[in-house]
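By letter and in written order, the chains are A, B, C and D; residue numbering begins at 1 in each of them.
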Amino acid sequence: MVHFALVGAGFMGNVHAASLARHPAVSFDFVADVDGERARATAAKYGARSIEVDSVFESNVDAVLIASTTDTHADLMDRAATVGQAIYCEKPIDLDLDRAKRASRAVERAGVPFMIGFNRRFDRSHAGVKKAIDEGEIGRIEMVQLTSRGPTPPPISYVRASGGQMRDQAIHFFDLARWLTGDEPVEIFAIGDALVDPAVGEAGDVDTSLVVMRMASGALCQIDCSRRTAYGYDERLEVFGSLGMVESRRQRVRDVSLYKGRKVVEDGMHPGWFERVEDTYRAALDAFVRVLAGEDLALPSLAAALAAQTTADAATLSLQSGSPVLLDG
Amino acid sequence: MVHFALVGAGFMGNVHAASLARHPAVSFDFVADVDGERARATAAKYGARSIEVDSVFESNVDAVLIASTTDTHADLMDRAATVGQAIYCEKPIDLDLDRAKRASRAVERAGVPFMIGFNRRFDRSHAGVKKAIDEGEIGRIEMVQLTSRGPTPPPISYVRASGGQMRDQAIHFFDLARWLTGDEPVEIFAIGDALVDPAVGEAGDVDTSLVVMRMASGALCQIDCSRRTAYGYDERLEVFGSLGMVESRRQRVRDVSLYKGRKVVEDGMHPGWFERVEDTYRAALDAFVRVLAGEDLALPSLAAALAAQTTADAATLSLQSGSPVLLDG
Amino acid sequence: MVHFALVGAGFMGNVHAASLARHPAVSFDFVADVDGERARATAAKYGARSIEVDSVFESNVDAVLIASTTDTHADLMDRAATVGQAIYCEKPIDLDLDRAKRASRAVERAGVPFMIGFNRRFDRSHAGVKKAIDEGEIGRIEMVQLTSRGPTPPPISYVRASGGQMRDQAIHFFDLARWLTGDEPVEIFAIGDALVDPAVGEAGDVDTSLVVMRMASGALCQIDCSRRTAYGYDERLEVFGSLGMVESRRQRVRDVSLYKGRKVVEDGMHPGWFERVEDTYRAALDAFVRVLAGEDLALPSLAAALAAQTTADAATLSLQSGSPVLLDG
Amino acid sequence: MVHFALVGAGFMGNVHAASLARHPAVSFDFVADVDGERARATAAKYGARSIEVDSVFESNVDAVLIASTTDTHADLMDRAATVGQAIYCEKPIDLDLDRAKRASRAVERAGVPFMIGFNRRFDRSHAGVKKAIDEGEIGRIEMVQLTSRGPTPPPISYVRASGGQMRDQAIHFFDLARWLTGDEPVEIFAIGDALVDPAVGEAGDVDTSLVVMRMASGALCQIDCSRRTAYGYDERLEVFGSLGMVESRRQRVRDVSLYKGRKVVEDGMHPGWFERVEDTYRAALDAFVRVLAGEDLALPSLAAALAAQTTADAATLSLQSGSPVLLDG
């Protein structure tokens, strides 16, 4: 059994709490939150004990799952690393890339196991795309298309604190692009606007954007992002190569078709991102636990966290400057 | 060039006229019809000459395409066979099986090339199913499901003259079942009702029916027929075997999807049977012409025409008696 | 909290145990099994206590979930009814219809809440079909097509004890037909064979079958069953009515498409029936618990259990006699 | 009847000849080509007469269909305009935009009916997308995604003469973007490479590219182009708006699915672009003929021809400069 403490008992904390409680090889010992009431409620629901955040790093848990607010991640990583606890950290490490790099170095020095919460890698269909690529089904990769469209724009307060659409929404897809291709961006161009809500623009951000990247291998990659659809959560991947093309299709909630008149009406997409990716949290935790148990699996790494963030920063710069931005690759 | 005369200038006659006029290896010489006006109109439209029906068998055409009313088919076959003309005859040969058999024997004795108008065999998707079966993809056939649903019931006058749903509608699918499986029915059970229009029932027929057959190999076959859908013409094949299953799916008219709210709305089926199978008439004519030119292709034969009709008769008997009917197989 | 005891700790018992342990409104108190070792293992895994079967009916649980072998169901129902415990019983009540009726009457007299384990009613896509029907989308029902194809034939010992393909496999679909249509069969014809494994035939059963039914309303219904596919578990529903047609499509495991050459290769079906219907057990338990908590939901009833079984008996008789069988309706 | 002369008897000329010969309201009078032999062969095949190119403008045809090599289009337009003949001209008018503008002005001055050969507007599924947009189904347009992937790269000689991937391949999609959105690009960025064949790069062109555009309304548009797929011709449109999203899906050649093992194998895409768009040539001609007959339909106009070409020039400039290019809009 791997003994876990969870830090953070907000929405994401509770998502992870449910996975921790259910996993057969996990002993879900502690929940901590700056809001003790929240910690107690989550702990009670899942049969864990609530403790102070400081106590987490004095406890003898094997691993800490960091799901608190972004601005606390780096410090919590430092502290867990110091006492030798394995770390599963929600993304991003820190909105400030330098701070994120410092925290990463601390974890590396400590040598503790680490996973960043790029949960989409654990989506079954996305993993099917990755498998087809790795098995050579599509040959050399030439183009990648990623679609990321959330049904409902977040509140403006969230937008202001989020670092912008590139760092908050596109970042998962910067990671997917790297993971799928095994390649690094060397040039990036982003274009966007506040088409959904002018207040997003006034907050200095965009809600609709296209990003194109040239990878080191020469492959071209495209990501489209919207903060609002009228039809639920829309995520789609397509990778085109010299021998074929593989796609993780739009996912429907049900397999129901109604034939009437000249039309066929089918059930559509998941209402929100969470319903679409819920399973990936369980799968991600399971992968982390198996690595702690000695299995040799590739987890989303410190390097992946920093690389996606570097790309997001460059994309943000391109959005602001209106020009392509070169990366070191 | 193969020189053709067309007999019959009604709806089906005009369908064939268009194919004849368009085929590069066909010289479309004559159109005949008991209604001379109709013959003239069709001839004018497609650059052929209108003649009397009798004159067809005095002309030096190579082939005659019989698309007149069913009750004239057998006589026209006799006459064409006598003068050595190749025959492409719309189904059925005759509603009376004995008469059909006599006409068949005349054609056989004359040794002229013959094709019965089972055009669905020439549907590209159905042919794809047949190809998968013939290549061993699904192993030994165990179950067959055929769906035949027309959008609009024919007029009662047509129903009365048609020989009933089994002989008029299901017959194409009796042929498809034989063709796909290379097997013969040995037992048949049909159940049906006039659920769409009571007048169909008063005319002694059904408009909604299920047929099950046991084939000589042991395979089981099911056919469902309706005379009226609320969503266009619906035809579907599914063949299940020991190594897999192959399907000719419902065919959509367009590839358009509209995502709105919790639904996806797609374009549906063809409005009528003709739009769905229009291409098959061209393909069927082409196969016939290629056989006349010496190619070795399997055409729907006299034996196929009689076999489907025998099955339709047995199905009709089962409908009427309420009991399964055995066939010789 | 509803307090539950589970009787039966075999495969199905463990499926239910997982649902009981996870349900927020359930206190999962006891597990009983004639094999005490099995009971202890399941109890330990899910945090319940193992007890003797007799002790279940002396305990103060509110409800008992019966998932033991079929031959024990009726007795256990009697005993639970006597002490006023609510009953969730796996299907069937008893292979002997008279015994099943006696047990049903005992439950009715006692007035305890009851649900039979027709879990497929709780499938999300099937429920979508039911909803479309209930909302009048397809008008008056005219035809129903149900496909039930399991990937792997059960062992011959299971076949011998199962009551045959109609009572063991088709029975879920007899229930779905009644549930979807709100109608009763009045005539049934079944045809089948041992095409997969001759040993099934020697055991007096079939592994491949077609069933057709005429319902009291006149609607026609068709069910096809196979014990072995080469492509995973295949379940499909289609209901055709005067105003449209609604379908619960074949369910794919993943949304991955690979385009290569002239083909598109997509991920196929679930490997087994359990993966396909796993979610329905959770949903079924939840419905039962909500009814115990006072909600007004329709559960699969005693009458449904007896009706499906009566139909399965009639279908078996038809299979054996080769003739259609009339039912009271 | 509209009397037509066809200029050009190469591949495209013959495509148009087949449509002209088949159209019921067209009298297909003449075929001209600088290669008299080719003109005679095409004329013979379709029952027209071959004449000298010069004679076309002395004949009394109502309309001329220009399908000769690109460098002759502008002159032929001038001559037809001068004698008052209606003009259906294959795209582009001229690779040199100034020359194209002069030819356009001549046509405008003459006031003759004109259509440029943007045949994809007449694709049934694309037209379905346009209709959904025009009926307000998706609200205000925010993003457009267009995929254009041809199966086989053209010979290098063709690449050299074509004006590059933007002017030769992407141009149809620049037109589709304008047509679908009713909007004009104001900023364009293109990125590409010779990933398929280094010789394309040596010829100064790319074979793989991504284009992003900002439209005057603020909508964002993305086009991906490849000269070589391993799976046939791939064309796809997707338009995303404030109220929904509408898609013209990848088009499959047949509706056949084979279920085997863990996979479903379906028939894939058309082998080439011509099979995919063949129907559009007939539909385009029909629209042109109907306009000549007085119907009020929107045809791809002189302005559309110039606008798409202007965009292609700007995209080419962006490809070469590596920077976004602004357009007047």
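General observations
Rule of thumb we're sticking to: a contact is a pair of C-beta atoms (placed from the backbone, for glycine too) under 8 Å apart; a residue touches a chain by one contact, two chains touch by 3 or more.
Not measured: the values here are computed from a predicted model.
At the far end from chain A, in terms of centres built from Cα atoms, lies B.
The chain pair with the larger count of C-beta pairs in contact, out of C-D and A-D, is A-D.
For the pair chain A and chain D, the distance between mean C-alpha positions equals 41 Å. The centroid of the Cα atoms in chain C and the matching centroid in chain D are 57 Å apart.
For chain C, residues that reach two or more other chains under the stated contact definition are 138, 229-231, 234, 243-245, 253, 259-261, 267.
Interface of chain C with chain A (complex): residues 22, 124-125, 128-129, 132, 137-138, 243-251, 253-261, 267. Against chain B, the residues of chain C that register as touching in their complex are 138-140, 142-143, 145, 149, 187, 189, 191-193, 195-196, 208-210, 212, 214, 218-220, 222, 224, 226, 228-231, 234, 240-245, 322-324.
Interface residues of chain D, counted against chain C in their complex, comprise 229-232, 234, 252-253, 259-269, 271.
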